[in-house]
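Multiple structures are listed underneath, in structure tokens.
Next come two complexes, and both contain chain A; in the first it sits with chain B, in the second with chain C.
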Partner chain A sequence: MARKCELCQANKAVLKRPKTLQAICRECFYLVFETEIHHTIVQSNLFKPGMRVAIGASGGKDSTVLAYVLKTLNERYNYGVELFLLSIDEGIRGYRDDSLETVKRNQEQYQLPLKIISYKELYGWSMDDIVEAVGRKNNCTFCGVFRRQALDRGALMLDVDHIVTGHNADDIAETILMNIMRGDIARLQRCTEIVTAGDGCCKRSKPFKYTYEKEIVMYAYFKKLDYFSTECTYSPNAYRGFARTFLKDLEAIRPSSILDIIRSGEAMQVKSEIELPKQSSCERCGYMSSNRLCKACVLLEGLNRGVPKLGIGKTKKSDWDKLADEQNSSSDNSGAAQMMVKFDELRLQAQKQREERLLLNGKQGGSDGYYCSGGGCDAPQKITCCSKNSSTKQNCKNSCGGTSDSCQSDPIEATTVVSSK
Partner chain B sequence: MVNMEPSMKESINIKVEFKGGLEMLFDNKLSLDINSKDIEEYLKKQETKTEKLRMLDLINYLSTLIKPNERDLFVDDKRLRAGILVLINDTDWELEGEGEHELEDKESICFISTLHGG
Partner chain C sequence: MSMYHQHRIKGRQQKYDNVEVFHIDESSLFKDAQEAKARDLISKYGFKTITAKLEDVFQETNSDFFTNVSIDDSAIEHKNKYPTSESPEKRSNALTHLFDQIKTYTAKEDMLDSIKAYLIVHAAQQNDCSVIAVGDSATRIAVKTIGYTSQGRGFSLPLDVGVSNRWFEGINIIRPMKDMLGKEVGYFNHCMGIDTAIVPTFTTRAPQKASIDRLTESLIVGLDRDFPSTISTIGRTAGKLEVTRKAIESPQCPLCGMPSEADSIEWRKMLSVSSLGDEEAMQNTTTPLIRAMCYSCQNTMRDVKPDAGLLPSFVNERSQNKAHNSQSLLKKQIESFLID
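What follows is the complex of A and B.
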């Protein structure tokens, strides 16, 4: 007396859709799940042919399913985009190191190039270091602020046009609730948008905006996708957890709550007379900021000076300005802690990478070339392609000392390896 | 009322799986083999009748295997905590009567948490 699928009327139903309350079979589920995401992508104009798209990959369920589905859809519907996996290593032992292993497996399974960048290399501090310095109370602030920038920095290093993240409908509803409860009007506006302008480099979008978490987990389960699920060692007391529990209780009573909250969030408009903070660039690193210094720079300064409370909670705006002035007057802080690479520099490098690529595509008629990855090639502008068809050992044409032996077949990976220096 | 003898019934075996981080609550065990006698014994202690074994009975029995301070990550007021998905023989339990579903021999039950970060 098993129930039949309400869509095909043939197979046994295995899932009750939270969105429609329909009972559907496995095959129909795959089809509607993937097709709805395809519609979201098309209706919101997320991709254009030739675009380079980075998938923010944590190794968790959402980004794993996103990578799998985007790869499938890109092939099925010929989006013509190039996909990359971009992972941030926050430096949390027993959590991120394990989940990065999952991302590495995904790289193999889905044959997508992967780039990992760490907080340690970007900021000079891993999350483990930060927790040691600040304790367990405010560490999530550091992690969140640093991650946002890290993704943008990684995107520039890969020179992609677009970042997609695995935020699902439940996550977005949760964020809307949190922003309401915190009175964060500026973020309330931004968090419901499917595409955001991006902080200083490329656009960001959330193809799972209307996708229920339940369906993502079920999809991963039925497809036997390999994902990692351990709670971050530092997060159990986070505010988000309470919002999440509340939301899940609501969903259990009425599954449409999730989409209803998103609808409400979208409908909330800020009155035009309310002034939203103006966005400009951080004087220190060039990242988008509504103050003279961006939050990451203030937090980092606090860490480096041994006053980690700097920038946490209600720090006075004048303090931030003072910090900015100090920085400008004392330009030589030799021996001081690591400074972040300026965004303009990253942009310049990305630009160069792009020109190289275009040049290469022109020369090769758009076909895939071979890059030299070895020898002394340590700067992106030095990359030259070796002849793909040569069967004999050849010197890399830019006389870096490398040979076609050390060339990699995947041009993207080669670029990544080189530019991560 | 005198209670009926449960010994009339044959015992059944159920396979329980944990995914999505739930295994951490159960000594990192990914699966457990549960015999209905264990559940019945637990119910007896609770002075609950044991004629039919339901999913809810299994859930409450499983919660006794969790450390007391972590129990509310699995159950909430004697019900399964919201945000944990359940599959009974690979079918969404929402199509199988949820907590009222009557357990059968050789059934495979999978609990998947969605509460862990993505």
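What follows is the complex of A and C.
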């Protein structure tokens, strides 16, 4: 006789859940899988009504399932967020071009707006160009550094409040182990945070923080989701290999291990006397950086000068500073430094977009919440209706009646009134 | 192996007035333990030696020799399985019975560690020792750091691997060998002609995937072969972790004796939904004892067959004594002013 589902006791069990080893049916699997993600979102206060949320979409399993699940949950639990797909085209032939096709299909399937930005247009170099110039070494360093910044730039272009990425529990557990093993105290502290501050008034979060990779695959498989599953052409990434193998073995010994590691990582606190690097912004492009120049600018400079080793491995901090000084002394700023659009400009553009959108919404009756997009405001989620640096003013329906800066009401409750400048 | 070796070093420094060696006889669990040899080696150092057997945790000098602690309600019927007599054989049976009921090697090793930790601290308290020196080498600390992290023990990790641990009232647990590699200790013993006894564990000669500790050990040793700084880097990382205020103020886990976070059960339930029933029904299935345990010991107890029913009596005692440090310390300070 077929085994009954351990949860509903009604349907036939079709799978053994990797996280708990319970034999359950398909419907119950969907339910617990989605519920855990919902718990994560609610518990960490990831979303507020009216938020614009970009899903970092690669076309791979994680982000495809993320887009599907977020769309489902947004409808089921009325988060009231507006979802977008944001894709980065690294320019890797035979890999990214195919996976972007998947993202384009997802756009159709889930009816979500999609924005694609390429390395080529941002930095002047595609990954294929970079590999041709530097050979098959440190490729992932270039790609990772560039991607992080590209996502933030894309977020500003879309003018979203929040980026969600498909990092899953396995990725996070692995990162915790790696950071302990290589003594990266600063990252050890940061890597367990579910929300991290990005640049340009935009936060990032990982709704799959507690979701097992195997279950994501399972979900995609049973739901027959359309995703792209080829390894990156340039990704041998042996460095992470042993941590990944260890994690898989651990999971085989005790299925809760992945969750246990995250539990441990969250409880760890670095001694206060140990100095963590301070965050400031890059002198060249305005992106957040713990040095005078951000890593992307140093790498790019290396590429443009034909010395790709610059910024890789243990280069001296003084070399970076020298670069920064050179930049300041050459008054005309000719050359590569001009290639990247400064973040301040992007922020301005984002603000403009926001105002235009508000104008439109105002005319339509304005049910949309109003958020500050100026650089002065660092916590868009908390904002009710401030309008610093903005030509629009807002009236609050509730009690305060007039000014927007002082109003503490729920953004949804406020109506937007456009005042002429 | 390292225990007496370390006492040698300590003897040389003349830092402490009186050194006593504490030895745990594990031969009732491990038939191939070289118990006689170990005792012989220890006696050579000329320190006062205190010995305990693992099964001693099933004997309490006060009143109850056995305490039944139910893991769930179904276990209550097993309450009188063991008569409360003190015969050594029965104690040893209780011990082997407990370990037979544990399904995984990981949980067995964890249970053994908890019992040994209790015995060590208990012995120190009984003999008025204010310092406990343990022989954890750098290699061992690296394995513990990664292994404990993997078992969800991050909350108490800084205490578990720190150079000095003052969690237990009036006792400082120190790890003087924290910078010596396991291999170096081996070389030292070889060069100095120091003989050692083998202390077997559950996973001695077992395949690498037998338990989390065993797997971690092979990872660390293997990594250190290719990247020789691995062990010291892990040790340094662990050294930078802080014992949080939250941990210091937390109650004691009845099983391992370390601080126990309050929200473990809720956290687990929220992130691995394993039942469709309403929340309250689920709450009832967890006994107060499990609830009082730390996250990692809850993991261990998940691997114990529900009818085990028989945990060492100290587990129950500790669970009665809710306030571990803060409350009892405070009370002590004002004790003379209290009118009962």
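We take it that the second predicted complex is superposed on the first by the 355 of 421 C-alpha atoms of A that agree within 3 Å, B and C clash if a C-alpha of one lies under 4 Å from a C-alpha of the other, contacts with A are read in each partner's own complex, and residues count from 1 in each chain.
In this text, a residue touches a chain if its C-beta (ideal position, glycine included) is under 8 Å from a C-beta of that chain, and two chains touch if they have at least 3 such contacts.
Not measured: the values here are computed from a predicted model.
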So, after the overlay on chain A, do chain B and chain C clash or fit? They fit
Of the partners chain B and chain C, which touch A:Arg284 in the superposed model: first, second, both, neither?
neither
Which partner chains sit in contact with A:Ala252 here, chain B, chain C, both or neither? Use first/second/both/neither. both
Task = Figure out whether A:His162 sits in contact with chain B (first) or chain C (second), or with both, or with neither.
result = neither
Discussion item. Let me test your reading of the model: by the given contact rule, A:Tyr221 touches which partner, first (chain B), second (chain C), both or neither?
Written reply: first
Partner touching more residues of chain A, chain B vs chain C, is chain C
**OP:** Would you check which partner chain A:Lys295 touches, where first means chain B only, second means chain C only, and both and neither mean what they say?
**Re:** neither
Check the residue A:Lys206 against both partner chains and state whether it touches chain B (first), chain C (second), both, or neither. neither
Counting only touches as set out at the top, which of chain B and chain C does A:Ala13 meet: first, second, both, neither?
-> first
**Asked** Where does A:Asp62 make contact in the superposed view: on chain B (first), on chain C (second), on both, or on neither?
**Response** first
Just to be sure I read the superposition right, which of the two partners does A:Arg3 touch: chain B = first, chain C = second, or both, or neither? first
With chain A overlaid, the minimum CA to CA distance between chain B and chain C in angstrom is 12
The intersection of the chain A residues contacting chain B with those contacting chain C is 249, 252
The residues of chain A that touch chain B in their complex are 2-3, 12-16, 23, 58, 60-63, 166, 168, 170-171, 213-214, 217-218, 221-222, 229-232, 235, 244-245, 248-249, 251-252
The answer for chain B against chain A in the complex is residues 19-21, 24, 81-83, 85, 87, 90-92, 94-95, 110, 112-118
Residue positions on chain C within touch of chain A in the complex are 104, 106, 145-146, 148-155, 157, 208-209, 211-212, 215-216, 219, 223, 230, 233-234, 236-238, 240-242, 244, 247, 261, 267-268, 270-276, 295-296, 299, 302
Within the complex, chain C is touched by chain A residues 7-8, 19-20, 22, 28, 31-32, 35-36, 39-40, 43, 176-177, 179-183, 185, 188, 210, 242, 246, 249-250, 252-254, 256-257, 259-261, 263-272, 274
